[in-house]
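So, here's a batch of structures to check.
You will see two complexes here that share subunit A, one where it goes with subunit B and one where it goes with subunit C.
On to the complex of A and B.
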């Protein structure tokens, strides 16, 4: 903190922050002095302000290092590959899933559905029933995407032969992986099963993947996903539940290369149609971009910032930069949702997916103010979306200068969820998300909003305090 | 039961807003299911699964809007109309919950990087943390909250002083920074005198006395009452003094407080001597000889002397201060003798009812010199006795109604006159009471018209005493300026209208009150 002199303030216009009695501010306001009232609440009971660890680490400085690394990240789409070939630790009998580690028995319906569907798609099981037996009898190994530099939306199921995007953080050289987005509704990642799903997945493997791969391979610098996200935020996306602009931008970026590397115009047309009909195609790039940006920020001693926040439909889990291998989990929350025709809250599964990597990396729901078209999630008006983003600044350590929000005068998005701030203010991260049907085999039924559960933040805060104080 | 659809060609809505319309529509009486979607293939297949796909809907393009309802035949058409209404309903901008207030100091500073001052008045046990947050954000702090631990105060002040920040408080209710009244403070013109005060109403009394003599101030820095204790070491008094010494607009300095610990007095005098600005030490009731031989330093014993000496230094057309006060006292003596004759035989005591602790203290300093009998108080001078029960007056006594015992769970008597009004009636009913003296503090933060509220009560109390055959004397002074929202003159006139004798300073009021009871005692 820079040192000045008291006399430096003499003669300068006063701008007053008022904490406590509003009457104290009234008199100052009457003198035409700008006054900013703090909507103050007592901190959660027993929550201490943590600043310097017992070994002398200044937590703010550690956090500064974490957000510096995230801001420096340059996630770039550099190629594609097949999961078992490119994802570290992936093998023929491994299934990756969203969120913290979980056993088959504890998996929610849509995750089980997606696992069964994937086993049929892989040909490991002949049908869903056989798939269930294999899954239940230890015939496949389950592992969280986050343990393999990967992230998956909703159930987040990766099976060995699924094609994946390869994102390289060119600043640090690390890579992150994500599957291709199938669309909305009855799709595998929402727990859907059935022939039309396997057919689509096969087409994505046999046609979409090689077409995209050829195009990407022909682009010497790949596609700068960070730049696309930054632009999309200026076009009404927030990068999690709205990706209409990003998907369009992606098509523009890859368009010429697609045309140049493809011989069959009908194939090309089908690929473009598929992407065009799926507003969330870009989500499967914003997510690994976030993962690629966050991983180099792991392992900073004394940092209280989250580098992982993910759900598996049963549990909600977070990890801190300073304890990168330790999950803090709590029961996944109920989503306050809007539903597709024919579905209600009764049908909804609990919160699921790795897509909260977007909020962790400084966009997604935290950038709600940038996405006026989906403000219904937060109450209906753009003002409410602005309020939602402003609230998130309170629990984030920094602001991402690379991702700015026009309506906030190009202020950077909230970046770096600080477990200290969450505990001090009692403000829990506000997330928006898709909603799966709770039963296997049905798929996506809506979208909505919720707060992260307090327990995992409290546990992480306690563990942080135990380790450092 | 029937399924009806309404198609609106080339009408685009974002899917989320449409889902909201659908939800509202589903709640419409008689509607079983509803969907409002754009005519994409994916949406059509959803409609089909839900049994809502009509041939018209199937024929749409992705640019067309489909409103589909499954409902009782009677209401289906109406539901479609309703859907149109919901769709066209303009979202009112700035709806409920739209205004966002930062939840933390940090958040407020992030949104308003121009912020440079924090006023903190949260409960004491949380106040230190908020003060830390504010200091870390580079804000100067007026810490109004009480009950901050001594350890916290010392640590906060050390940090603030090291970083060139003001940490005014804890328990600091008054400051004037760059002409802005913070907390309880008056509208004082700009001028050459800088004040640092460890006493809130002390700062108000001195600054208003300057203003009453046509002199203005640069800054009025509060330090909180404990600053001058040995343990705190006068950190903010010294930092404030130094800042004023560095400030080119400040030509003269007045320091205000109760007498500091000897070690602190020495530090203060050393700092005064280091500078080149005439500095008045107004440490009430303190030993004035401490300033002897110290460069730039002058010491006085009352707020009145502090204010007048400051004004004189700064060029107010005043004679020698000692002579001035002697002359005023002589005039007050004449009036006191006259007033004493109106009293009945049993009326012999003085009762002080103060809202400002420093003014209550100044009065005691004056009475100690003036009166033959002690005046007890709930907030006595260091060496004096505390009154037995502060809610029940006995003999000569003076009560600081702003003390914590009176303000827990109740507004401060500068904001709310009820407590003092009840006490006025209580004292007036006592046949032994000769004189009630009180302060009326106006300015920002204070009640908007204390003179009228108190005055009406005083008038009634005097009338009751009169009915019982006694003349009750009520004396007051108004700490304020003509620039204050309440206005000094209107407040003085109102008090006089209700029969209150108004003196130009608390010191003068105290002398008059003291001399009346002394004169009465002498006659007996």
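On to the complex of A and C.
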């Protein structure tokens, strides 16, 4: 057997995360290697393990049903359409937003910015000042994306004319919707406003959308988004803040259809360039894929599993499968992250967006072990990425055999956040996320990591106990 | 701190590779977890560490120069051409092959098959029987790819009419060449023969080649293959037997130019489909990129680093930077691998191909830690993939900062196989490779892993001592 210092083996200074066996950490510490523990708290006090409800429902069996439905899902990109035409309940004066319900007054800066920008883009307001007055005076109706089978990244703003992807869960026949991804930086979904943003959105409506729509419509089976996510997890993505592989695979999948339905070489070139320059493009497919997978799992009596987890930049909200119409909310958290040049934590808005649908559906931050290179974007170290996934197994009810992590010997991703387990272990869901500037009109300023707030889990657990015990 | 069995942390039965600290393996063994050691042998007897040659050359300094040149390389796809027009020394009756020089009589079955197939494809022979007679009677001249700034996967056959990629190392101005990748299974480079193979090769010559060539010619800076390889290593590729990410990134990079130079939508669709259906397409770019990077590092007096490592299916050959014209050969090895349905190890030819240029240039099998999912193709486990890279640091002179491995905390890949270190440690280069059927005409039957043979390293080391000490 070869002997040596562990740092010699890796050839560089190490930071060791200890996730289990204490003697291993001691052996490493003996070599002056810095070690840090998985961030873990003792179980919350007074939590008892709930098994059978007063009406006799076996909670584990209910949860099995929930994860079975999620695993059976087959989210498929079947078409595109304009929001007001295809999204249930959407109308000419409705704006959808991320997270739990919220009034204009309580909206954070970037959400207000995105709303104002959307009203100018729509032509409902002549400029941002007019838009603010319309928004503040009840001139438009606000509604959460999640109330309309939709999810939106960051501010999550859908306005009536925006083109959307239509994802069908072909196993159950339900549909989910998401906008097209604009890119990073000064973009509407991060709260950006201004002519260059409206121009880009108009191009996405007039050029990108019809080009993609023609291609998708020409594909008899659509595009199997679940299969692309599964492959992307073997290619360094986690499906939330790293989508370079997914974006690449999407371009491969749609490429021949784009060519066959091509009407103008230069348009096609620009469309491919737009997607190629935006490694987050695929996020707006992983998110509705998650939503499409989760909705059939709603409404299972006795289940303690989350089917919704979303933030509006002011509040963080969750919903349980067994109480699908009830939001449990808490103040949104502060993100620890990496900032683009010129910005600091001082500029950051609180946690925002529906993109936590990815973690809820068993990938995203929970699959960070599959995506060590994500730490270049959201901060932390590759070791931390592996530790994050390992920790999330503790609070998830199951593992998703359809989404495997090679470096963990093809173990399935953590699936099914169990509010019982969160309360028993004291481990809160660990998320990665983009960061918006807190003021309207500026846009994205970085990305980072945080945990979901405890309060909404505690409230959901209390309500669960009240309903079933 | 949480306590528990390490297998509980990972949730599944573990096989632990021990790479260093003995006490860690003991702690794991105590829990009845199967452990296995990195495959390692004691140093070969009588090997002394060589530092300064009799003429006063510091070997480490010479080696630094070699790896510096390799690291400085910028392999760029600058164009395409027909082999007989662009490859130095190529002519109408020349066939290039993989590995060290070999006569028709000593060629293995798949190389003979590929030669016969190429002669039929060229129209030099009417059928395979006629081709065999021409080949056996000196009707064509055989020459190693490596003698013509070229590299070819598996049999590595270049015939005069074949289109080739032209890679320029823009730092040094030298060029390297490789054919277009045909796909897996019954294909010429694996020794396949038959009408479907010639038809595919003709389509690649008449349709794929001009389509790609027009696109590449329209890109003023070409395509930076080094940058694509570096990204692909963050996306689960290692650049030899896993090129799914690289193939995806190549399609993204060339996509807009393909659109702009499009003359026929259906042709463009077929070209994209051909590449999309072949995750090995990018191999034929990683290989000449390696060759282009290595050639300027040839001819450094006193260097003990390999600049060539290649197999012809009969012999395994290496060349040192300090003796760039001299091959050191040994019998090619047997591959341990996974076989396509219907085939077994009984059917396998010995190790073959120039693709070990990837390991020589600091990626491929040496970067397997970046590509845990490759084990689905070549066998083994993700742990083994990590262990393979860690072991290869022991016999490489340097680490390639341009090619980093996220899961090893962005450590550079092992670079610069040092024949001194191979002899001192007894560790032979660990390679992954495709497997050809041993008979002519059949093609690829699987993929696997093996080590380079000891003899050629021993001979090279002896020659190095003889020349310099």
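By our rule, the second predicted complex is superposed on the first by the 421 of 469 C-alpha atoms of A that agree within 3 Å, B and C clash if a C-alpha of one lies under 4 Å from a C-alpha of the other, contacts with A are read in each partner's own complex, and residues count from 1 in each chain.
Basically, a residue touches a chain if its C-beta (ideal position, glycine included) is under 8 Å from a C-beta of that chain, and two chains touch if they have at least 3 such contacts.
Everything numeric here is computed off the predicted structure, so don't read it as measured data.
In the overlay built on the shared chain, the residue A:340 is in contact with subunit B alone; subunit C does not reach it.
Once the two complexes are overlaid on the shared chain, A:81 sits clear of subunit B and of subunit C alike.
With both structures placed on the common chain, the touch criterion links A:410 to subunit C but leaves subunit B unconnected.
Contacts of A:265 after superposition: subunit C is touched, whereas subunit B is not reached.
By the touch criterion defined above, A:235 reaches subunit C but does not reach subunit B. Shared-chain residue A:101: touches no atom of subunit B or subunit C. In the superposition on chain A, contact is made by A:256 with subunit C only, not with subunit B. Touch criterion met: A:183 reaches subunit B, while subunit C stays clear of it. When both complexes are overlaid on chain A, the residue A:331 reaches neither subunit B nor subunit C. Counting contacts as defined above, subunit A residues 1-6, 8-12, 14, 18-21, 23-25, 27-28, 31, 37-38, 40, 373, 375, 381-383, 386, 390, 393, 399 meet subunit B in one complex and subunit C in the other.
Looking at the complex, you find that subunit A touches subunit B at residues 1-21, 23-25, 27-28, 30-31, 33-34, 36-43, 49, 183-185, 241, 277, 279, 338-342, 373-377, 379-384, 386-387, 390-391, 393-394, 399, 421, 424-425, 427, 446-447. Taken together, the subunit C residues at the contact with subunit A in this complex read 1-6, 8-12, 14, 18-25, 27-28, 31, 37-38, 40, 231, 234-237, 244-245, 248-249, 251-253, 255-257, 259-262, 265-266, 268-270, 272-273, 276, 372-373, 375, 381-383, 386, 390, 393, 399, 406-411. Of all residues in subunit B, only 14-17, 19-20, 22-23, 33-35, 37, 40-42, 45-47, 49-52, 68, 91-112, 114-123, 126, 129-130, 132-134, 136, 138-140, 144-145, 162-166, 177-178, 180-183, 218-219, 239-240, 242-244, 246-247, 249, 415, 444-445, 485 touch subunit A in the complex they form.
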